[in-house]
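In what follows, a structure is listed as structure tokens, so that the remarks can point back to it.
For clarity, chains are labelled A, B, C, D and E in written order, and residue numbers in each chain start from 1.
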Amino acid sequence: MIPVLLIVIPLLSGLAAFFLKGEKGVKTWALLSTVITLAVSLLGLTVLNKAANLHTEVEWLPLLGSKFSVGLDGMGQVLCLLTAVAFPMIFVATWNSSYKNAHNFYAFMLLSQAGLMGVFLAYDALLFYFFWELALIPAYFLCSQWGGEKRIAVTFKFFIYTFIGSLLMLVGIIYLYLHTPDQSFALESFYKAVLTSKEQGWIFWLFFIAFAIKMPVFPFHTWQPDTYEQSPTAVTMVLSGVMVKMGLFGVLRWLAPVLPMATWLNGDTVALLCVIGMIYASLIAMQQDDLKRLIAYSSIAHMGLMCMAIFVTSDQGLQGVMIQMFNHGINIIGMWIVVELIERQMHTRKISELGGLAQKAPGLAIMLVVVALANVALPLTNAFIGEFLLFSGVFNSTVSKVGYVFAAAGGVTIILSAVYTLNMIQRVFFGNTNTLTGAMRDIKFNERFVLGVLVIVILVIGVYPRPFLELTQGSVDTILSRMIIKHPS
Amino acid sequence: MYSTLLAFDWLFLIEKLVLIVGIVSISLVIAMYETWAERKVAAFMQDRRGPNRAGPMGLLQPLADGLKLFMKEEIIPNTSNRMLFILGPCLAMLAAMMTSAVIPWGGKIDFFGREVNLQIADINIGILYIFAVVSMGVFGIMIGGWASNNKFSLMAALRGASQAISYELPMGLSLIALLMLTGSLKMSAIVGQQLDGTWNVVYQPLGFLIFLICAFAECNRTPFDLPEAENELNFGYHQEYSSMKLGFYLFAEYINMFISSAVMATLYFGGYDIPGVNDAHLTETVGVNLMALFQALTLFAKIGFFIFLFMWVRWTIPRFRYDQLMNLGWKKLVPLALANMIITAAVVLWLKK
Amino acid sequence: MNAIVISAIWGVVMMFSGIFSKNNTVIRGTALTGLALLILVNILEMNGVLLFKVNLHGMLYFDSFNLLFNTIAFGSTFLYAILSGRDMEKVGRSVSDYFALIFFILCGVAISSSFNTLLMLFLGIEIMSIPLYILTGTDKRNLKSNEASLKYFLMGSFSTGLMLMGITLIYGAKGSFNLETISLGTGALTPMVSAGLLLLLFSMSFKVSAAPFHFWTPDVYDGAPTVFTSFMATIIKSAAFIAFLRLFDDAFGEMHPHWQLVVSIVTAATLLIGNITAVFQQSVKRMLAYSSIAQAGFMMFALVALNNLGRQGLIFYTAAYSVATIGVFAVLIKMKDYTFEGFNGLAKRQPVLAATTAIFLLSLAGIPGTAGFMAKFYMLAAAVSNGHVMWLVIVGVLCAAISVYYYFRVIQAMYFKEGDAQEMEVSSIFKALLVIMAAIVVLLGLFPQWLLDKLNYFF
Amino acid sequence: MNIEYYIVLSIALFCIGIAGVLTRRNAIIIFMCIELMLNAVNLLLVAFSKMHHLKGVAANPNAGIDGQLFVFFIMVVAAAEVSVGLAIIVMMYRNVHSVDVNFLNRLKH
Amino acid sequence: MYLLQVSSVAQNPDNSFWYFPIGLQLLFAIVFVGAMMGVTHWLGPKRNTADKLENFASGIKSHGDARQPMAIKYFLVAILFVLFDVEVIFFYPYAVNFRALDWDGFWAVLMFVGFFLCGFIYIIKKGALTWED
């Protein structure tokens, strides 16, 4: 019941939003809908946390062996929670922004939420693919209608990239489907698919490219900074906070356990790509003058780390990935909110044109510092927990012989990330004000509220991560069992 | 099929060659004298004398005309398409000369023990052959008219062509009714059936009428001589022509008249059947060769009658207007012929029961 | 059989309707009645009710496969006639004749989907083609239309010649025109059979505008009056494909390994040429022409794979493709400016039109949730399950991604670009119909089970 | 006569037709070449028909008859094509005053 | 005397060799026509002048080329002829075999005639054969 609600509430409210009139009303409607979704998600996590409530299966395409099969496991819970949390946050944070054709904007936002939920909930490959695209299309419309000046070309690039990836994945899905013992799209059947290692090899790449584009991993990342820069910030938050997790999630649920042998064989290659991407992105991030691009590149670096951890895997590593997916979402949304607030007032995102904001907007500055520190994984913040697990997982990798090299390389990026993040804080918030930043006012209540919630979440998880770890342990075990059982001894 | 030339039946070749030369020359001579006859008939109808200077009763007149045509200067207009200009009359003439191949001119003759058919080629699709060759005549008209590059010629050629093809439809349809009776496309078979039986015209009066009208139109004879309507088109499609090329066109027309008379006689009036006589019986009495002669003469008598009919009509009935002509062809004759066909089929099947 | 007879008769009825009535509404009404009747009798036949007892001597063969296809074709035509029937009046005066030709074409469609001898194949294809030559040239004063018509005619009859030679060679080798007799034997290739096979392949590729025999398509589609381009690009193309598939399946299925590679190459070329060239077009109409080539490439997958998934998929594809294309064209006909710029800002002036067009285009691009996705899914699945042509699948997938580029250009123009959209007269009925069609597209995409059930009924 | 002769003749005619279609620029000549192709096919069909008839006449008196039937249909369709095609060419001629297909480039960009 | 025997060729009515005489006649006709053309060419005088080689238009000055589009009606007749003639051709095999085909064949042909008439009435109603305008 819960999973269906999670999908249906945003879907229907999104469709309804198309027909609503009045900006204020639409905003309220959207917020209401997302809050309800959040509530449902929390209920699923607490009161209604019973197996019967968490899985739903309805006949959909019996001829093709596809069912409308959705369910929540630990990993799904985490990501759904992230999605459910992110959207109301975004809506509240951008309450003061006004959009042309607001009803369409919010409708697309809600639809993309439905798509995301579907991706995280689907237990059927065809359904997964459906939602994968359903999440993409609204994002496309959102970016190219409400984005910056170069939005159309840039978004298009983003769309084509993702679309190519997903089509390749479709081929892989079809191939797997045809090789399942019972001709079915169910996840369970996929696990049972009989494939030679050669077949696994190239299907692996079909899937991986799709996920890699989404994450994005090094050679497939070129769409990302442009798109983040050009999108309206609310959409950027969705893209970077939640949507990139689709890639990781896909790897975790649909790639690694389904094609364990290929994952094992290609682990090092992928990890290498990730490492290259991390270092490369970090280096570029250091050069950026544009706040959005800076965060975009930092996101590439962080995602690379998580991806690497999956492939050179161990118990701790996966655990770390799961929790870090959530954390990264929270942190980066926080970063974007700050950027959005700055941009809305200053009408610029250039670091070089800003300075001394801390004097004018201390509330903002405090919040930002917390979020930024979380982003560089300072102890006591949530990301510390995640990255610590990640690193130890990679370092102790049983899969890769050179796990420690990867870990070391990852460590370098952490340092680099600290460098550019702190540098950014330094240049934007401290120093002298100039004519532009002199007019800065501090943040309003709603913004303060959102950032405050985020900061609280950051700190709470940073201090007491146990519930999360327990929540995801089951998923980690399942995935690992799939992977290890099928490993050649 | 034949491995060596020696195995070839050379006598067959000679026989056919003689027959061809004979029949073609006869048709040419008849065509020549048709011109004379035409003038005579015209004169008679108009109470004049007609040609009477060259030879007795002007009998040498056609020869003189022919010679004159030979001696005239050839003129090929400089705006015309030279090759097609020459090809046009040649085609018309060729088509006219080819038609006679399938008509049975008489019974068999016995030539020193060798049985000789008085028919050049007794092919099994005789009627279709005639159709095919007659339609080639349209090419002659069309090519000649177009090649002249003269508006009058072109106009006349178009008229001629569309008239000819329009009347081919009812003609074909009327023949189908005939075919249903005979069951064969072979000319000799059609004649053979009529030899001792009733002439087809008795069963197919309507079909014959339609065929007759169409034959008139096909030959561009009055009342259907629109392509040559002097008052409208000067001289018709051959107005740029001179000398023998003009002669060919005129000749072709008269040969066509002769041949269509022969076809009509063959198809509807028993061919070489001598009326009122039991052929088989007579053959026994007079012998094969003499019988063949009689038969041929009978056929030529019938042909003569039809030729006279052609001329008679020409000098009595005024020319149609073009729209009348087309309306007659398309809107009257075609449905009539179709009805004739269907009724024939139904009646034959009904009687068969 | 019902449909063949009724469509022929109704064609004649339409011919005379123009003589007895000068009122276009009456004529259109008659045509719609006829189409409804066609659908009805066809469905009756699917349920075993035969209206005409004709001894076919094995010339035609009816099973639910081609009957279902017929239903789809007639249904699409029905939609087409409601949507765009009114626009035919703009092309010329003889609306009744256009409809008569369309009925004759439908007769050809029914024949070429159910042929069982090469004779009927030839007749069906020709009955479809010849009226089309005329329809292409109906805009008599327009040089482009003339030119398209002439080009189409010359190319079409040329390919007919090739096809006939192919048929003759096959006949010479096998001694029969009957598909079953032809398919008998070991499947060995004698020179005569292979020449015939190749010629048939070429000519059928011509008819379905597969590369490298596609070159007439853009010009013809572009030049023809848009109303008829819509018809050509959908129903005709689908029918030609069904004929193509049936021919190569029923008659040459035994030799599949011999010709699979050739067909795969043709398919790949079609996909690449269609998609890449479409990217560079400035006119939406021309883009749709190239896109139809590209879509043809996808339909060829059924032929390459030659399995049940492919056969089912082809039917599904034709349905999905036809409905979406008819919809896009119906909107396009209303436009005065066929360039991409002409669509600028359409979303503001005509939100309904823009939204439905967007859905149709999404379907053509194969986005999940629309019928186009399920269709592409089937085709890919067919090719994958065949197993020998994975490279082709990858090519297809990449091409599908390219196709997004040009389909989305229209969407971008409509939604994201500013422009004074052209004034158009659009009735609310038209809008309602578009919405219904969009709903069909989406429903087929989300719940394809309905059609799949039908498909499964005979596989 | 051997069937090969007919095959060679027909193929020759057919190739002449194809060559004509591909090289000539006059629409009417192209059209005539197409007709030539059709007639080559007709010829070959009749030849094959006769061949199959001789081969199978013992078992079935109607053997090979379908080939000739086919020719009939080709003729009909060819006639239909002729009428439509010529109408199109005339329409073209009245608008452009030329039947040269090289002039047909209004649709190229 | 062997040579005077009737040849087997002549006896066999279905033999395609029966077309041989037609070929012969064609040859003869071509030779004849060619010869006549040659003779007249040789006999006739040749005194060409520019005026003589002009098109003849009853003394009126001729205007332009004659090869202009003509009235479409003629053309229409030609097209209709092609169509209807082919339909008529279909009656021939029927006419030869209609006894064997019996009433079944008759009804079939009646249907065919029905279609023929439909087309025919259609073109008449459409005014394709109206010449008065």
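By definition in this document, a residue touches a chain if its C-beta (ideal position, glycine included) is under 8 Å from a C-beta of that chain, and two chains touch if they have at least 3 such contacts.
Owing to the predicted nature of the structure, the values given are computational and were not obtained by experimental measurement.
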Touching both chain B and chain D (chains): E
Chains in simultaneous contact with chain A and chain B: none
Pieces of the assembly without chain E, by contact: A, C, D | B
Most widely separated chain from chain B, with each centre as the mean of CA atoms: A
Highest-count interface - the chain pair sharing the most C-beta contacts: B-E
By mean Cα position, the chain sitting nearest the middle: C
Whole-Å gap separating chain A and chain E, where each centre is the average of the chain's CA atoms: 82
Interchain centroid distance [CA atoms averaged], chain A/chain C, Å: 42
Between chain D and chain E, centroid-to-centroid distance (C-alpha), Å: 20
Between chain E and chain B, distance of the C-alpha-averaged centres to the nearest whole Å: 13
Of all residues in chain E, the ones touching two or more other chains: 78, 85, 89
Chain D, residues touching no fewer than two other chains: 80, 87
Residues of chain B whose C-beta touches two or more other chains: 1
Contact pairs between chains, per stated definition: A-C, B-E, C-D, C-E, D-E
Chain C residues within the chain D interface of the complex: 117, 119, 122-123, 126, 130, 133-134, 137, 140-141, 143-144, 146-151, 153-154, 157-158, 160-162, 164-165, 167-168, 171-172, 175-177, 218-219, 222-223, 282, 286
Residue ranges of chain E in contact with chain B within the complex: 1, 3-7, 9-10, 13-14, 17-22, 24-26, 28-30, 32-34, 36-37, 39-41, 43-48, 52-58, 62, 65-67, 70, 74, 77-78, 81, 84-85, 88-89, 91-92, 94-96, 98-99, 102-103, 106, 109-110, 113, 116-117, 120, 124, 129-132
Residue numbers on chain C that touch chain A, as the complex places them: 362, 367-369, 373, 377, 380-381, 384-385, 393-394, 397-398, 400-401, 404-405, 408, 412, 415-417, 447-449, 452-453, 456
Chain D residues within the chain E interface of the complex: 72, 75-76, 79-80, 82-83, 86-87, 90, 93-94
Complex interface listing, chain D residues touching chain C: 3, 7, 10, 14, 17-18, 21, 27, 30-31, 34, 37-38, 40-41, 44-45, 48, 51-52, 55-56, 64, 66-67, 69-70, 73-74, 77, 80-81, 84-85, 87-89, 91-92, 95-96, 101, 104, 106-109
